[in-house]
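Pasting a structure below so you can have a look.
Order of writing sets the chain letters: A, B, C and D. Residues in each chain are counted from 1.
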Amino acid sequence: MSHHSITLNVNGEEVTGEVESRMLLVHFIRENLDLTGTHIGCDTTSCGACTVLLNGRAIKSCTLFAVQANDKSIETIESVANGGLHPLQEGFWEKHGLQCGFCTPGMIMSAKQLLADNPNPTEEEIRWGISGNLCRCTGYTKIVEAIEYAADKISNPTSEEVSS
Amino acid sequence: MTQLEDRFEHHSPTPEGSSAQVETTDKVRITTPENICGMGHRMKRKEDPRFIQGKGNYVDDVKLPGMLYMDIVRSPYAHAKIISIDDSEALAMEGVVAVIKGQDLEAAGNLHWMPTLMSDTQMVLPIDKVIYYAQEVCVVIATDRYIAADAIEKIHVEYEPLPAVVDPREALKDEVIVREDKEKPTNHIWHWEAGDKEATDKVFAEASHVVKVQIYLPRLHVSSIETCGMVANYNKVTEHMQMYMTSQAPHAHRTVFSMVSGLPEHKVQIISPDIGGGFGGKVPIYPGYVCCAVASLVTGKPVKWIEDRSENLQADSFARDYHIEAEMAADDNGKITGLRVNTISDCGAADAAANPSKFPAGLYSICTGSYDMKAAHVVVDGVYTTKPPGGVAYRCSFRVTEAVHMIERLTDIMAAEVGEDPADFRLKNFIRPDQFPYKSPTGWEYDSGNYEAALKKAMEMIDYRALREEQAAKRERGELMGIGISSFTEVVGAGPSKDYDILGIKMFDSAEIRIHPTGKAIARFGTKSQGQGHETTYAQIIAEELGLPAADIQIEEGDTDTAPYGLGTYASRSTPTAGAAGAMAARKIKAKARKIAAHLLEVGEEDLEWNVDKWQVKGSPDQAKTIQEIAFAAYTNHPQGMEAGLEATDYYDPPNLTFPFGSYICVVDIDTGTGEVHVRRFVAVDDCGNIINPMIVEGQIEGGLTMGLAPALFEEIVYDENGQNLTGTFADYLLPTAVESPKWELGKTITPSPHHPLGAKGVGESPTVGAPPAIANAVVDALSHLGVKHIDIPITPDKVWKLLRDNGVTD
Amino acid sequence: MIPGSFEYHSPTSLEEAVALLGQHGDEAKILSGGQSLIPAMRFRLAQPGILIDINGLPNLEYIREKGKHLLIGGLTRESAIEGSPLVQERYPLLADTARVIADPLVRNMATVGGNLVHADPANDHPAAMLAYGAEIMVHGTNGARAIAIDEFFIGLFETALAADEILTEIRIPTPSTGSGGAYLKIERKVGDYAISAVAVQLQMDGDTVSSARIGLTNVSPTPMRAVEAEQSIIGSVGSADALEAAGKAAAAACDPSADLRGSVEYKRDLTRVVTKRAIAKAIDRAKGGQT
Amino acid sequence: MKVEGDYLFDVGKEEVWNGLLDPEVLAATMPGCERLELVGENQYEGDLNIKIGPVQGLFKGKIGLEDIQPPNGYKMTVDGRGAPGFVKATATVALVSEGDQTRMSYTGDAQVGGRIASVGQRLLDSSAKAIIKQSLEGLNATLTARAAAASAVDGSGDPGIEAAPIPAPQAPSQAEFAANVAKEVAKDLIPKPVMIIGVIIIILMILYFVL
């Protein structure tokens, strides 16, 4: 068993921790930092409920040891709204892109990277882009619409705001 | 005849305000302005802001001071004697607090067994033997979840393997007895019949056409993305047991917990916080919950237990597992005359389904579906096998999916037999609109329906006739496409207390509304949303009735200390029962408000009429009091002799179930080389009566459709002959992603329920029920010219490939 | 599911990493992308005593052409390959492959080196690299060496890598004008392993296939080349008969196991079908087709 | 799970049979075999530490032999258990001469259970195949080396350890037991009636999982 001191940037703030080498990043985020928006839905790196951004890339935080995140930057769902809802959050709300909400943070984090890489994705690109995230409630159609809404909003920030 | 015969003879009177209107329309009814947001508005969900910002509160998010963690040792065998359990090494580990075994539970008051919701019994922890793979053997309590996980590896259990029995037909030979604790050494649990055998046999004897099919509907798992879990928090000083629990039915669970444990019910509080999907899987009480509660009782500390996905898939309640043999009879005009069904229900190691007590096979006898016929007879036998116990829903109402799959497959087979197009055959055989309320041959009274309208709409949306032409042209070229129809009838909203109970508790549901002096409100319900959007729809129902803006109404559910008693959310029952209770409670408030308004306006009650959000003097609408004004007066200026305040509670006992329906049409293309099935189009026309929030209804339908696609093409819990689960992770139990899920095309008709206060019916599960046969029918249709009559789901590429190659089709 | 304990090292130089490997031998395991290893550890089916995390090693993530080779650093993420314009333009077989590995989130962590060294016959890169005739550069306590891809996979989860060696680079010969490649994977759903998948890289001389290499995924215990299929397509113009013959040769050569994806017979026949389609696609691309 | 197949040894039937009777040869041939003991009449116990790729598992095996027909074959039952799961199997092994060589045919029926079955379903069959192949090749190498060593002894009268020519193993994973083979060949062991080929065939079927 080995313990390690780690320092990382989480949602813009530097945090430090003492972790056992085997501690999964998702547990560090949820238990040590009390950021419980990131969820756990499986044990085979299949469901994507635990998706966070690691140095800007969407990854499954249950398939990474916390110690691997040393000196890196992590963004979780708690950082997405920045002085108001992010267009993706608006889109999910506006287009009914969630039901039970359990997969939603992971979906939003995946979509965030998707739109960063590809600001105007086609429907098919969105579907492939979120194919590492399982949703059991929505049937995905409205999630796709939510991401399309956000893409549109980000590309045309001056377009008329939809009431919220 | 059976106990179903007179089920509906003693309906309670139709409640006040029921809609007598059962004409079909496609226009959503809206009676309130947008600022009030009553029924029919596409209101954005009130619950969403917390979910989209990561501020939901699920069970695993609950963290209490001094909390311990539980992990479970599970059996690697499907059937084995337990020779010994050596926990000494685990107990010696630093951080391990306790190990709880079956003997410990027995000593604690026979807690090693618990009742199932079907009045069967189920082991909490075994003493003598294990009877299914991944069964809970003992639990470890430790200060940290990592230590608990280490400790279960250090518990050494010696087993003596016994033969497993996986196929219920083998189990019926009683060579291997699963439940040796039972009085009779047999695996046969129960025998159940519905309908009229004699009349049915007569219809079959006189039939011009009889078709028969064997259908296996395999085990499924609901696999909500959140697994099950609990935080049990027993306070030894106050003797108060608080349990945060992934529960779809917190009140019923509290009563069961109290009765089994002996803890007085007022000292037991269940809090069902945000639930990450339920679909039926969070209705039963699992051994893990009981062990977690016992662990807290023993240690006096909070104890958390959160299932892993593999545990969830391997040990929690399954759905389906029905072996069906069904026959249909028709006369020489191609008119369906009868249905005869024999079914074996594989219950696993305990009958732990979540059906109403009188219905061991749930509402399976709804299986005559949307078709008018003279007679039907249905037989079901429940059987034990060495597999995990269960028989819960998979986003459906008590076995209606099994019924619908069978009748819709059989209908296609009969259409082919009589040489008719499956759409035309259905249109000819539907129960006609003028036959409602319709009494079915197995004793159901369908409340309302217009099946022809729904199917015609779906055919129009997808241009059915053109698809048939395209199919014929493609067939000429050796390309395979298929068109499948499913015209299902759902049965939801259990249910009338005369017939529906869970462990004796009647299946009413409840609402309690309190209007605050400033015109804001809080309302609490006996149900529990798992994503259905109750915080929004219930607010809209109250807004509809009282004219309070839905935004001003706080909805709460899931805390048994505060919410009124109800049976919970499953089987699409929330809107039909608790939603109705909300409307009825609101009407009680409205009646009191009328008295207060009359007092304020100094007129007689009979001089007032309701107008959206106010009581106004008839013929003098300027003289009016809004609900907000009335609420303020209820606390500040209420009439002498009247109780202050403005609140009401309603326990709603529905007079009947509701019967949503729909017609789905699916188009598939088949790759003759690989056997892959591609769903090209899927049109779903649903009719769930009056709609409360069209956006939420669409979301429910789209989600349900993907959960219908899943068993049709992907999902199956597979056991090997020794009872080993071969699909124990998401790597092998295949949930569809956004790529596999097609873009659903929705349409609707609206045929209100005549007995529901709002004319609504419930919708969350219709698509899961209706979609699989549409897809299966499409695939069979694509291969029908080869002589293929039936394919069991899931329709995997290797199954299709085999049918293609066996029939000489290659690439 | 929580992994067992282990000692964690994060060397900052290749030499240090190799020395650690040399020192700990069998007890140590390299942590690259971790997308197969960590789940296996969570189920405690893998319980290495020591993990050597090589993600901190410098200069192992790159995709560049040098001379007549495409050089890919061992730590290069699948998503980097997927997103590389160079790969998309000039290495369509590789681009096809990277797109269908697991899912987008996994591809952000998973590395091409890990995919090869893991030597899971269900992994996708082995077949692609066999088709390319790639060379694997490794570094050990005794220095660097190159291993031809044909010599690299020697058994189920077994490679020619010595216990103290780390894969540092993959060298793919740059295809000449008139070449084409394709990877075609049939999977039950996104994220699943192939039921069968076929990688083809071929060279056309006019209308005739002048050389070809074909790799198969998940239809044998060891990643394999379908040599008979290659021979049967070389010299042909890719007629329907020639494709069929190649497909049949691949089907005969493979050695699939039955599992939930299907029977042995299905997988063989699927290999036939997919081989045909992959060759046809490669020929089309060689002729300038864009699909 | 059914496993069947055959394998051609490069030595005669008697030599194969004697090899099968030699527990230390077999223990050395089986990758990861850490213990093998006679615990009763035709009853044996052994420990196998199996490792393939990143996956490792310690299994305890009980072996029983029936229908022993020297030098033609026998039937065996195996009950192996470990943290990752268990295997319970029966196998029949038969030897037939083919000129100077010997063909072994084997059929086995195994139940594999526990974590490895529920998680690693896709790899059970190919793991079993691969491991059987690997083990039989190892055994063949051992027997061939042993035969060569015996002839060297006959020729020189000086059975020096270094004199024994050891064929190079075909795979690096066999390096470890090839070294053991060298030691075994150098000794003049008295054969014990322990037959463990079934362990090779069956316990090793257990193996593997990787996602």
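FYI, a contact is a pair of C-beta atoms (placed from the backbone, for glycine too) under 8 Å apart; a residue touches a chain by one contact, two chains touch by 3 or more.
None of the values given here were measured: they were computed from a predicted structure.
Set side by side, the interfaces A-B and B-D show unequal numbers of C-beta pairs in contact, with more at A-B.
Averaging C-alpha coordinates per chain and comparing to subunit C, the farthest chain turns out to be B.
Taking the mean of all protein Cα atoms as the centre, the chain whose own Cα mean lies nearest is B.
One finds 29 Å separating the Cα centroids of subunit A and subunit C. Between subunit A and subunit D the centroid-to-centroid distance comes to 50 Å (mean Cα coordinates, whole Å).
For subunit C, the set of residues that touch two or more other chains comprises 1-2, 4-5, 39, 41, 43-44, 103, 190-191, 260-261. Counting partners per residue, subunit D has 83, 115, 119, 121-122, 211 as the residues that reach two or more other chains.
For subunit B, the set of residues that touch two or more other chains comprises 145-146, 153, 308-310, 726-727, 729, 731-732, 737, 739.
Residues of subunit C that touch subunit A in their complex: 1-8, 10, 31, 34-35, 38-39, 41-43, 51, 53, 55, 77, 79, 83, 102-106, 108-109, 190-191.
Contact residues on subunit B toward subunit C in their complex (touch as defined above): 145-146, 149-150, 153, 308-310, 673-676, 714, 718, 726-727, 731-732, 734, 736-737, 739-740, 796-798, 801-802, 805, 811. Residues 76-78, 133-134, 153, 161, 310, 314, 720, 722, 724-729, 731-732 of subunit B are the ones touching subunit D in the complex. Considering their complex, residues 20, 22-23, 27, 30-31, 34-44, 46-47, 49, 76-78, 80-81, 85, 89, 92-94, 96, 98-105, 108, 123, 126-128, 130-144, 164 of subunit A touch subunit B.
Interface residues of subunit A, counted against subunit C in their complex, comprise 1-2, 4, 20-22, 24, 43-46, 48, 51, 54, 57-60, 62-65, 67-68, 70, 110, 113-114, 117, 128-133.
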